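We just call them A, B, C, D, E and F in the order they show up, numbering each chain from 1.
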């Protein structure tokens, strides 16, 4: 196997203080999918950090929003493509393939979303995600105006900005600690 | 006043569903400091996102860690310097001045930490934060080894990576929405 | 389908002057694999350019060399990763999966070869390919010395340099004309 | 002499298997110009690679095309300027001076084509060559539309893309092997 | 103190050949402000360089011009922000605060002028200063046209270009020699 | 002629207040060389700026220093190469050819000094000039230590830093105003 065979490069045992809620959360994945995503195993080393991380992930990616779950996953992949984040591209690329039923879409967003045939809405969304990721200090009102023109409300822009921010965070945590995706993701929804 | 006179460029009313805990959180700032930080007012527009954001902030920045609170704030400023994030540099620059009692340290980290006279520990910490922020895909084991050589444990590296990630997130949310710091910060601890 | 449904963005009919040798070349793919790679269909619009392109491809990628065919394909993917070339990453990513029997290796090289567990030989090879691609004017004798230290002869460096150059060419031709990979590649050797 | 006194940094004897055609090709230069361009001497170390390289060079740079030979040489210099390729700028800069009878044009393209007074056609052509060279993944239909608006056909764009690609290849081969231009070029057509 | 406690990293005694004019210049600062700016103390090590440096500073920053003194200081800070120059941001940031009576304006320009609410005139001026600093070779007539449209004459553009140039010079001299601002600047006009 | 036929893009008449000293300076060039360098003609539009500019040029480039005049011109060209400054590369490239008697040295420094065969002293000097120009905020004590190791004193580093700074200034003034070199330079010392 050519990817490192560990959760991350850091040697951190599971935290004994993990709450029942979080232990159940880990067990749920194991039972349902046969494996627990390594990102959660890594956070399980620190009870105080795990709970808000899991809660934020759910709030941003799974709670109701005018942005569909697929759209949020598309942003996840576009952001992670700029940052060349192996963990996030493998896992969220798989999720894009699964949610869209379109294996090519995952590949396109992972490599270069500019090649994809996208709706004006999705193109504006990914242009914004890319600019905010690459050069946040250059973002201005004109960039938000392009989103409004594509039909996004201020609420949608807030949701979008949080998803963009979240993956800029996880991309860094993953790269800083060399978190490695579970091998199961590679073949999903091909 | 030359900075925009709003919480952020998005027009988002406070969420009616905000929990008592979060309402108290906002009130606490108002009472104690005479103003509520705009970042929390912005998140108060979305009850589901506010709670994990506040919880994560506390878990990463205020909970016990081998990294002192000042060290975590130094990382916040160094990361925000790379991203040229106005909100975060103004607010966390103030916090560095306050915690260190050294107004120059805030300026040095805001502009270019390489000019500062830092301990080997702090230099290694800020070099890592800068590299993870600028080019996460180039981070490798050698970078973590430099941290170990400077006395950081794997647990410390995990804590550090989360702080670095967190400010790469908030820098993006702030830039994407043009969040503006409360004017009070500018004159603090000068 | 989210990838454009054409050979390339240019509307160019097949050249009537195509030689029998080149017509047979196209037919061979169709017969053997059920489709003709779009890059060859694109070059078939220009008889004078097609023959040296096909000859060069064979000379560099398939003729005997101390670099194995897999190694040359690994370089192809690493170069195309820097240039974010959709066509080349999809097609040569598939070839890496096929030749290595290791689907993860294709993903690793496509996203970020620094995460992969590679031999010192392969790491030196991909470091060189990446530097020559990103900033050719910074390449110096020290870079070639690293290759020699990893066991590569001057002849090997010549072979390697040509493969690196070739994909910097095709990446540009592909991007300039929006050449699109045949859909068949996506599911190969997963 | 301040430029290295070799064909390239690699020690590679001429290939004994060189065909009569290629031997004659080398001899032609020696006889006609008094020296053989080092790039061909370098490729003469590998019979299998030399022939397609020479054939491609002729197909792209000398065969009939709506792009004049000077225009193709202008592209060669603009691409090599981005990549700061010493060999290609010295040799093709000389060729631009020669074909245009305008020594300044060679200097302008070598340093910064934006300073030159160019026709709209040439400006569009060099803008495209520069973008494809600097950031191929950002090229989109809008870039090709600018070429169409400047009078270029799809066939012309194909020809142009191949010239751009070819010099992105040779720039890398040259830099990777430190190929050095024959001293004779420096004073040509001044 | 976290900033180095020296004029610069170079050990250079004051030049014995300093003219009376320059000695008086140094004394004037000491008497009037209680300290002599370190940049002048550094240049006092070289009589031949000090006089034209002081003269140029006065000619560009203090002599009559359609650009107000504040506008020239705003350019100084915007240029120094791109170059992350600690000395120049601390000293000219203080001067912007002083001349504008607006402490926030200094912070905004130091960190990211795009966040500030600026007149069209000032925005055009700082956009130009930033582009000339970041990528001088990309500046073209269109950039000067934007200045003309914002009401700047050719004379104004000449004045502006000289101020931009001057701080690109001092930023480099300062960084190359690690010149350190006198501590007094930090608390000025807060 | 493919370079613009003007002193600069700005329409600025000669200043009536020009001193006799400066008028004589202009006349000297005309008489001695048959033309007046456009940079001085441009500054002649502003008497207050011309004198310190000329004085600084002389102080840095012509006054005694441990850096030979050729070495200072080599720095001028290396800095201008990073900034792709047409005016400065044409004029100071000519001066390097003239002072060195080596036409190739001018070309090498203009395109990529890393290809040239340079003494350790000159290589260290140009590495420093390039780093200070490209990324001044990354310069640290280690960079100055490399200069010391190559035999440069603190005084030499001060001289060098001023030359590097000066050309970062003139490169910007030239690019901001589109100053064009007198055609006579192109054929000098070929």
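Quick note on the criterion: a contact is a pair of C-beta atoms (placed from the backbone, for glycine too) under 8 Å apart; a residue touches a chain by one contact, two chains touch by 3 or more.
This one's a predicted model, so the numbers in the text were calculated from it and none came from an experiment.
Student: Touching subunit C and subunit D alike: which chains?
Tutor: Intersection of subunit C and subunit D contact lists gives A, F.
Student: Name the chain whose C-alpha centroid is most distant from the C-alpha centroid of subunit E.
Tutor: C
Student: So what angle, to the nearest 5 degrees, turns subunit B so that its CA atoms land on those of subunit E?
Tutor: For the C-alpha superposition of subunit B onto subunit E, the angle is 180 degrees.
Student: CA centre of subunit A versus CA centre of subunit E: separation in Å?
Tutor: 43
Student: Using Cα averages as centroids, what's the distance between subunit A and subunit B in whole Å?
Tutor: Computed from C-alpha means, the inter-chain centre distance equals 21 Å.
Student: Could you check subunit F for residues that touch two or more other chains and list them?
Tutor: 84-85, 112, 137, 140, 178
Student: Line, ring, star, complete or other: which describes how these chains touch one another?
Tutor: other
Student: If I apply the definition of touch given earlier, which pairs of chains qualify?
Tutor: Every touching chain pair, ordered by label, is A-B, A-C, A-D, A-E, B-C, B-E, B-F, C-D, C-F, D-E, D-F, E-F.
Student: Under the touch definition given earlier, write down the residues of subunit F that touch subunit B in their complex.
Tutor: So the residues of subunit F in touch with subunit B come to 137-138, 140.
Student: Provide the residue numbers of subunit C that touch subunit B in the complex, in ascending order.
Tutor: 112, 114
Student: Within the complex, which stretch of subunit D touches subunit F?
Tutor: 1-4, 81, 84-86, 89-90, 102-105, 107-108, 110-112, 115-118, 178, 180, 183, 186-187, 190
Student: Along subunit B, where are the residues that touch subunit A in the complex?
Tutor: Result: residues 9-12, 42, 45-46, 48-49, 51-53, 55-56, 59-60, 63, 83-85, 128, 132-133, 136-137, 139-141, 144, 154-155, 157-158, 160-162, 164-166, 168-178 of subunit B touch subunit A.
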